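What follows is a pair of complexes built around chain A, which joins chain B in one and chain C in the other.
And now, the complex of A and B:
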């Protein structure tokens, strides 16, 4: 198991009037080579979980294991996590700080004191991996990039650290439909090519429903429920209570229950929705004679 | 009325050399009380248009008129324009200036140098409209993004604008909270006859607007009802936009003989209505 959390609790500013509970007894595990989505509304503990998984904080209470090793023991070197896990933050501006693209992406390799040729190779490969030409972008000024380009540069900067795991924190916020599609495709491609584990933090299900192997839904610092995308969609009432909107296909399916009571709502996309509608149309047509009698007898 | 006459604008003067024009000879008229959605991919010019209408930017060529006042005339008119055209940005942190909710909402009216009782009246009204009364004394930094966006909107409404520009206001607010906020604002605007110009790239947000404008490369690509816009799905895809899933579904079901469907389906209600009609 790559990560394992058991009853993890973490309170920020503990002992002060500003104390905030980030995590309040969270247990979950994350397997290597999977795409795992962590979904929850604001203040559900997502950001605190990012801090824990990236090795930025050690949880105050509970057990946290990384590749089977107990992070809580004094002999555990937290750098083991930090050198394996890269984070792409929500606003790419937050993690781009050099003036040119080349310098920014090479920051990690330079910090590792890698030989220049090795560092250049990493920068080139990382930029090409996110679809930016090394020759064209190396000397570009970072401030003049578009939002989508900045996101790609931020991802390249993380790839240049050669991580095993990349955490994406709401990476599509503010992107238009095409930009969103391209970024999600890029994540799938990077995962396959670099055999990465992807952890995707999101406030909604739309981005992750077709992307994730496992989805965990958080509520106030605890695990509400988790499972495959189909399993999670079956919790439609609980999702509504947590103010997590259903993806478009599931929403339509739920609404069509008025005419098709047997309609399943755990549909991931348009194709599954249409299949479910066809099944129910056949059912309803067969059941129609019986239905036609009912109103007559009721009146 | 808001009038955009042959407006061209480029960011090259702002230090971005060789920047292509963000708007190209754009013409647009918005009547008082109208509700309009403006959609387009990132970089299509929609936010630039909002900033020109709010007199934050001035056109390179052409004219922007707010109730007949030129936004680039200088002088005292600019204050009238700023009062009539309110703008709500994507990130509420960009426009909240005070420490507490009540102080932030008061900021605009105080700067209009209104009498104390009227400032008080406007604050109370704006807070009531957005359900913020119980938060009046709370610190802004203790609020969630959704609550902050409410405060930002209340602050703009306290200026009693005639035109309300919403520049992707739900980007940072997820789920029902975002949807509810949008519904609230639309209802408020209708009650008070304020024109709403809603800028977004979420297609599901525009089905409730009477008029939709599609922007691409600084030009107006379409101007019509949601149904007339969604009927041109191929053109929308070509400029990086989608139609709502319900519209694609409606098209397929129509082809499979689903009864009583309009040519362009905008809601699941229409599917259900067609089905029930034919089975009774």
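And now, the complex of A and C:
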């Protein structure tokens, strides 16, 4: 097991009048080489979970295991997590702090004091992996990049650290549909090519339903439920209550319940929706043939 | 691990709708100025004892947890200790005063009078810090602006642009928490890429903060630009003759405000009298 959290709690600004609970008793586990999506409305503790998983905060209460080792014990070297977990923060353009693209992407390798040739190779590979040409972008100023380019540069900066895990914190927020599609394709490509574990934080199911192997749904700092995409979509009523947007196909399925009460909502895409509709139509026609036929003959 | 805003509490407004928080900002500012003048003036332990009683009253009215207020002192403790030591060893008495030496070595000396004098100074600074932070804890930014605008308005008559000055001051205060959040964000982004801010000696740690400054300045300028555009878009500083900004919320004195003002004045007079009559 790569990550394991047991009853983890964290309170921001502890001991002040501004104390806010980030996590209150969260337990979940994440296997390596999987794509795990963590879904929840705002204030559900997603960003806190990012900080915990990336080793940026140590949970005060509860146990947190990384590759089987307890992070809470003083002898645990936090660098172990930080060197194998990369984070693409919410609005990734905010995590770029150097003035040129080359300097920003090479920040990690330079920190590790890698030889120049090695660092250059890493920067080149990372930039090209996110679809930016090394020669063209190396000397560009970071603040003159577009939003989508900044996100790519931020991802390249993380790739240059050669992590085993990348955490994406709502990476598609504020992107247009095309930028979103491109980014999701990039994530799939990166996962396959670098055999990464991907942890994807999202406020809706739209982005992750076809991407994730496992989905966990958070509510107010606790785990509401989790499972495969099919299992999670079956909880459509709870999802609606949490204000989590369903993917298009599942939304249609949910509205069709007015006509077909037995309609299942765990459909990932339009093909599955179509199959479900035809199954239900057969059922309805069989159950009440007279009703189904009458209006047609009456006209 | 990385939570600056937990330690930097100065200038935070705590809206707990206590009597002190709901007080009219003009009255509150006058009271604060009076009390600050008081602790700056008095110089005996008895008088400071009375000041402490006043502060306990203020603390009780504010309904803010004492632990939180005391924690805000943590930031200045090291500084205060340093000043205290310097004050003692470099105490030069006025010419006519008798000095009872305890210890002397070159230009450094420790005397009975020096210790008393320095202790009084430290107590005074602590009171000043307490009073100003209490004012910040219990007063929202809007209240602070409105109150100081009214109190400084006589200066407007001699041509001082009070409104603009107060606005600049308020914006400066407003930017403090924004900058703190910005630094937190940058620290997070850098530690995720391998920088360890919690390692190394003091000097090494300070060196690591250097690279944070440039992005901080850039984002600060960008914010300032956005703000100025937003203000202009809402016609702030529109150059129309006879133009005056009006207020949505009129300030009104309540019974508690008058009472508080009266109490403060009376307490100040008593303390000053005690300070003059009792000489220790």
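By our rule, the second predicted complex is superposed on the first by the 285 of 299 C-alpha atoms of A that agree within 3 Å, B and C clash if a C-alpha of one lies under 4 Å from a C-alpha of the other, contacts with A are read in each partner's own complex, and residues count from 1 in each chain.
In this text, a residue touches a chain if its C-beta (ideal position, glycine included) is under 8 Å from a C-beta of that chain, and two chains touch if they have at least 3 such contacts.
In this text, all values refer to a predicted model and were calculated from it rather than measured experimentally.
Chain B and chain C, once both complexes are superposed via chain A, fit side by side.
By the document's definition of touching, of the two partners only chain C reaches A:15; chain B does not. Using the contact criterion defined above for the overlaid structures, shared-chain residue A:176 touches chain B, although it does not reach chain C.
In the overlay built on the shared chain, the residue A:56 is in contact with chain C alone; chain B does not reach it. Of the two partner chains, chain B is the only one that A:274 touches; chain C does not reach it. Looking at the shared chain after the overlay, A:107 reaches chain C, while chain B stays out of its contact range. Looking at the shared chain after the overlay, A:31 reaches neither chain B nor chain C. In the superposition on chain A, no contact is made by A:133 with either chain B or chain C. If you stand at the C-alpha centre of chain A, chain B and chain C are 70 degrees apart, rounded to the nearest 10. Shortest separation of chain B and chain C in the overlay equals 5 Å (C-alpha atoms, whole Å). Annotation: chain A has no residue touching chain B in one complex and chain C in the other. Residues 1-3, 5-6, 9, 12, 14, 16, 64-65, 67-68, 71, 185-186, 188-196, 211-212, 214-215, 218 of chain C are the ones that touch chain A when the two sit in their complex. Chain B makes touch with chain A in their complex at residues 16, 40-43, 90, 144-146, 168, 171-172, 174-177, 179, 201, 203-204, 240-242, 244-246, 248-249, 252-253, 268-269, 271-272, 275-276, 279. Per the touch definition, chain A reaches chain B in the complex via residues 41-43, 144, 146-148, 173-179, 203-204, 240, 243-245, 248-249, 251-252, 255-256, 258-259, 270, 273-274, 277, 284, 288, 291.
In the complex of the two chains, the chain A residues touching chain C come out as 12-18, 51, 54, 56-58, 79, 82-83, 86-87, 89, 94-95, 97, 99, 107-108, 111-112, 143, 157-158, 161.
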